[in-house]
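Order of writing sets the chain letters: A, B, C and D. Residues in each chain are counted from 1.
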Amino acid sequence: MERPTPTLDYRKKNKKRGGTSLWQDAFRRFIRNKYAILGLVILTFMVLFAFIGPYFSPHQDVPDVTKANQPPSNEHWLGTDNLGRDVLLRLMLAGRISLTIGIAATLILLLIGVTLGSISGYYGGWLDVIIMRIADIIYAMPGLPILIVMGAIMSDLKIPPAHRIYYVMFILGIISWVGVARLVRSQILSLKEQEFMLATEVLGLKDSKKIIKHLFPNVLPTVIVAGTLGVASSIISESTLSFLGLGVVPPTPSWGYMLSAANNMIDFAKRPWLWIPPGVAIMLTVVAINFIGDALRDAFDPRQKI
Amino acid sequence: MAQFIVRRLLQSIPTLIGASIIIFLIFALAPGDYVTRQFENPKMTPERMEQLRALYGLDKPLPERYVSWAGNMLRGEMGDSLMFKKPVISVINDFIWNSFLLGVAIMFFEWLIASIIGIYSAIRQYSVFDAIATLIIFMLYSLPSFFLGLLLLKIFAVDLRWFPVGGMITTGSNYTGWAHIMDVAKHMVLPVATLTLISVGGLSRYFRTNMLEVIKQDYIRTARAKGLKERTVIFKHALRNALLPLITLFTLEIPSLFAGAMITERIYNWPGIGKVVLQAIYVRDYPLFLGYTMLITVLTILANILADVLYGIADPRVRLK
Amino acid sequence: MAKNLVEFRNLKTFFYTEEGVVKAVNDVSFSIREGETVCVVGESGCGKSVTALSLMRLIQSPPGKIVGGEIIFDGRDILKLSDAEMRRIRGNEIGMIFQEPMTSLNPVLTIGEQIMEPLMVHKLMTKKEAWNKAIELIKQVGIPRAEQIMTSYPHELSGGMRQRIMIAIALSCDPKLLIADEPTTALDVTIQAQILDLLRKIKQERNMALMLITHDLGIVAEIADYVVVMYAGKVIEEAPVRELFKNSKHPYTRGLLKAKPIIGQRQERLYTIPGQVPNPIGLGDYCYFSDRCEYAMDICHQKIPQLISDENGHKVACWLYEGEWKK
Amino acid sequence: MLRKKWLPLLVVLVFTLSVVLSACSKPQETQPSEQSKQEQTTPTASVQDNDSWTKAKDPSKIPEASKSRTDTLIIGLHEPAGTFNPLFYETVYDAYVLSAIFDGLIEVDLDGTYIPGLAEKWDLDKDNNTVTFHLRKGVQFSDGTPLTAYDVEFSYYVVADPTYDGPYDLAPAGIVGFKEYQEGNADKIEGIKVLDDYTIQIQLEKLMGTTLSDLSITVIPKHYYGKDFKKGNLDGVKALVQKPLGSGPYVFDKFVPGQEVRLVANENYWKGAPKIKNLIFKTTTDETAVQALQAGETDYETSSITANKDNVELLESLGFVDYALLPTNGYGYIAFNFYQPKFQDVRVRQALTYGLNRKAIVDAVYQGLAEVRNVPQSKVSWSYPPEDEINPYNYDPEKAKQLLEEAGWKLGPDGYRYKNGEKFTIHFLQSTPNAVNDALVPIAVENYKQLGIEFIAEPMEFNLIVEKINKAKEKTFDMYFMAWGLTPEPDPYNIFHSKGSQNRNGYSNPKVDELIVKAREELDMNKRKELYRELYKALNEDLPYIFMYQRNDLNAKNMRVVGFQISSFRDFTYSLYQAELLQY
């Protein structure tokens, strides 16, 4: 019997199985994860709320003591604060600061932490010793005095108060990379022993390629968790920084600052509209970033074949 | 192993010196000193201030002050606190154990609850429990400690009167033995609850991620193929591996046991070292602050050595070079 | 012949993924007799491992689920058993070893501890008895310095030694059936031979049934009593080993046999079966091999062939041997 | 140390127990039981509260916890330091505790004038510039040793010691021989002479109106603190910091660091034995002070509660709390940096005062419980000038613009004012955290923008601001907000005189200088009153500061505690010996 020619549909059916890189695969899985979508929706809403919202507000962020401490009304949807300013408008303006800080500080934190962590974990030897000892010193360093000194230096250098917030993000990153670095290092220490790393050795890959292509995806889950937690803590620590004159310059608000304004029993009981909105805003952002983080981690896990 | 520890201890000496120099410099650079705090006292004339600065030795050049301070430190002599007018060591001793007590309780509950939530939400990934737990955790995680502290205080101490408003012992009481412990425990409930709720979130996320990683491994399938109970598979085989990276986190927390939670101690009036050091920073009480920070630095270095040693023991693959 | 130890009856195990339902094991039936070595052969992705995992009820759900059929083991239907009863069988009456020895042992527990575990759980041995039994087992699987191995960790052993340890663990409770899911694929040839000798020696000593999953026909020839060939989730041919090698019927099996290099026979290019295994999702009512089959006829594209047996029990699912088409 | 080792572990276990126990156990306090059937007697006390108190009316609301305390009074304070020596203390907490343990030579009456304390009477001899104190006889320290002039002399010698680093400063008093003792090698102060056991005479270079307040000192026992005392060695005195011994109404019992100080009544107190046996000073915080009173954990709260409408309404709602609103001894102000040329012109200073809505700021923070001030003195002080003679500078943007125009600051195209090319910007040092600044900055930004002035606030930590103020000459700032504390002695030499030690921003006005010196040297009260009236009018006119406000101090107490006669000048510690606990 002569050989029948393979039918056309055969080729069509198998095309889809073409090779897809980890990133494309991850993206496809990421989009399909319903938590990721929820996270993205909330985050985009918060970003729009913060950056576009103020243009729609009828009010100006101007103190007017006659309208102080009014509960939510249809004129002021979230009521007014002790200087008579519209809480909703301030919440939006505050979003701009808090979101930028939260995300920027965390990126810096991760960048430094992961690079140093993987270098010291991978190379070991004297390099590891130096990096880890520096980490010890920074970790033991009391945060508060450093920030006070930073405040002093910045005012001596005549840095305009409004720009300080960006320097602050950098400082936040510099101070808090130690935790991530140690976590990444300890993971790399055990990963280094695994067979697939011996394989990369055999292939003669450059060290940087080994770290980025092979080790990094395995460390990604921890890094993502540290990232999501980093955003939350940066947003909150920004409020303590404002106290030290490093954070937000009044009258521009930030979520942390609005929350700290409600630090007495009476505001708790009598004026919940002062502290509930910023609290909810921070929580929504943090939860959204966490869902995205979770989804990212699952998406990048090749074993997850679904 | 011993050789490794000794080498690490030797390595920590330059770290200690480096840290002491940096800390001394930073705090000396901070504007103002103990005397400028008297700014508001109308009787304080500039000549008087200069006199006081000389008395406290604040007028000597920085290097000289550092050398005399470091010299004393080596002899274990931390000098007198300017604020309390008594030896730094006795000031620290008065307060640090209260912070330690709080720290131990917090750490105990934090790790207990975080592990349970973390593991359970890993096993039931994307289940209803996992979603609710995530939501609650991040609700708590996004609240600053002073905020949650005041909230709990209002509900449980003022409205329901289940727990005292603040302090460590009932005023005027001189209980001893068991009654004293019960009294202190009753006062600890709210501060511990505040800090545990805040910190449990982060830790449980790490537990969950590590567990998710480990559950997918082949040796878990082998364990199940051996016919072991699910509990054994999870808590013996999976947890042991998931705990490895957390050792680092655990040892990082040890120094904070002594550091004291400045804000929470202030709200609950807990006589911990945190509140005192916060005041020392503002008042620029150099001896007290420097003494305390060096103590924490030493603890951190020891904790880090412990971390690497523990890691070597727990993970046989990591050879202690 | 001996009694049937394991009977798969119309087993269906599907995986529910976003892209659709993957019918990994699609209406599979065959049986394993006591003391017999059955080799399940097929390309990767044909459902042989899933069949074994279904027997051990180790299918991870979600996404996987056993949707139909029965698995009778030693007279009891595995699928009806409670978790607790199933646990008493796993590791005790059925042992299993896997393909990847490198990652199949727990990196943080000592070898001894991992061997003793099933002994203490199933045979309720004390630590002392379990320790001695473990040393004996290590010796049985041919690893020298057993005491020292007991206290060492998996990463200190080579791949071959780790597979031997896996075998020791699986055999610890004298199981009636040992499932070996491609035990030697990850090992080099010399170690492969040692492992197969070990399996054959153990099988004879203990009159234990062995279900060996492989894609290497060399191994099948060496160790199998009976062979089951699977393709895209279905059994397409099964027969005693000599019968299958001498006159294999199904075009796919013949293709497999032709593809195997034979020492001494000079060939410029090895024969390969054209095309690839079809995408498991959305497989319809037609012979799955029809796209790649030289002898594919219209019927092959329209209806799934059933498994029919000839006079000496040689079963095949192919329209070539059905009714009027018989050659 | 060892005893504390096992404590943490045990406490942790018990702690879990207590969580479970207390969580499910019903709160012990039943609702306040119905008033017993017999008619509700309102017990009377021998000494009533003075009229500063707004009395509560509902004894049924008194919490059980406080009712059960029959012989103990608990006072809530914050910022504990525990330096219990009247010559070395630095925090308010320690000052209150010490005034219960020690007595001063001179006491301050309700209206701020000096009245006899340990010194029965004193003669001011203008001609040969001497002050002679005649001590009260029969006064004993709590260990029974009689208090004599030698103890007073000893107290002066401690404060005059070259190594003394406490808050007192005898230099301004100008005692003869003081400088030689301080710097030189004299081992005696010539000007201090003990005439007999109960009289001591101080020889001054020049007797002035302020001398009495400069010489006022708390007396510490020589036999107890002076054992191995000699010039230049105060260690003996400092070692007893934690074990004070005084002549006051209460005796030190126990100090639990960071939590409380326990005192017991001094039976042979010279004003009569106190009626309440135990006194405890307990640490409370701003956030929880009112709640501590509400829960009955404290009986008296003073420095922890901010005087604003919210707190007052809350205290009233409790029903069982008496509260007293007393004008604070101090005032808030915004200072100008006179080294900046633009502030040399009084019209600019007046314009900035007219142009700032000070009432809005004060109301935002204290909700009506603080008044705008235009002179650096408390309303209740004898030296406060008549209200109608002071310019109130009510908020009037138009007048402010007019003054700015006069001063030559013309409106530029961008809406800001310029004068010979320099834009009018105010660089404001904002200390954080500070409730007033949080309200002041936003309002100032708006108000001054309307005047065409750019107001830039730079938040920074308190110490950094002090550092910059000390270097005002470097012109790194224009204005800052702070507050001054006042003493019964009105003399503002240090602050407003050109050579005043605290006058760091370069303010100087010859007329003001002359008036200050004349007023502080005048001995006759009426003449001083007249001189200060003129001085304050001049300051009100010249505006060295934008005077902001005088707020109130809030004292709150459980109604079962009575006998407190207090004012801005005489705090609650002077009434401790006569206080009583009523049984409701």
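The rule is short, and it goes like this: a contact is a pair of C-beta atoms (placed from the backbone, for glycine too) under 8 Å apart; a residue touches a chain by one contact, two chains touch by 3 or more.
Not measured: the values here are computed from a predicted model.
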Inset, instruction - Weigh A-B against B-C on C-beta contact pairs and write down the one with more. - result: A-B
Legend entry - Inter-chain centre distance, chain A versus chain B - centres from mean C-alpha coordinates, in Å: 24
Inset, instruction - List the centre-to-centre spacing of chain B and chain C in whole Å, with centres computed as mean CA coordinates. - result: 55
Inset, instruction - Could you give the separation in Å between the centres of chain C and chain D, each centre being the mean of its C-alpha atoms? - result: 88
Inset, instruction - Find the geometric centre of each of chain B and chain D from their Cα atoms only, then give the gap between the two centres in Å, rounded to an integer. - result: 36
Inset, instruction - Specify, in ascending order, the residues of chain B that touch 2 or more different other chains. - result: 30-31, 150, 153-154, 158, 244, 315, 317
Legend entry - Of all residues in chain C, the ones touching two or more other chains: 155
Inset, instruction - Would you give the residues of chain D that are in contact with at least 2 other chains, written as numbers and ranges? - result: 287-288, 291, 461, 463-464, 467
Legend entry - Chain-level touch network, classified as line, ring, star, complete or other: other
Inset, instruction - Sort out which chains touch which and give me every pair. - result: A-B, A-C, A-D, B-C, B-D
Inset, instruction - Over in the complex, which chain B residues touch chain D? Could you list them? - result: 30-32, 36-48, 52, 55-56, 83-86, 93-95, 97-98, 100-101, 104-105, 108, 150, 153-154, 157-158, 160-169, 171-172, 181-182, 184-186, 188-189, 192, 266-267, 269, 271-272, 275-276, 279, 282, 284
Legend entry - chain D - residues contacting chain B, complex: 1, 4, 7-12, 14-15, 17-19, 22-23, 27, 29, 69, 72, 74, 79, 81-83, 88, 90, 163, 165, 167-169, 171-172, 238, 241-242, 256-260, 262, 278, 280, 282-285, 287-288, 291-292, 294-295, 297-298, 461-464, 466-467, 469-470, 482-485, 487, 494-495, 501-502
Legend entry - Residues on chain D engaged by chain A in the complex (per definition of touch): 286-288, 290-291, 310-311, 314, 357, 360, 363-365, 430, 432-433, 437-439, 441-443, 445-446, 456-461, 463-464, 467
Inset, instruction - Enumerate the contact residues on chain A facing chain C in the complex. - result: 1, 3-4, 6-7, 10, 13-14, 16-17, 32, 193, 195, 305-306
Legend entry - chain C residues within the chain B interface of the complex: 56, 58, 83, 86-92, 95-96, 98, 100, 103-109, 117-118, 121-122, 153, 155-156, 166, 169-170
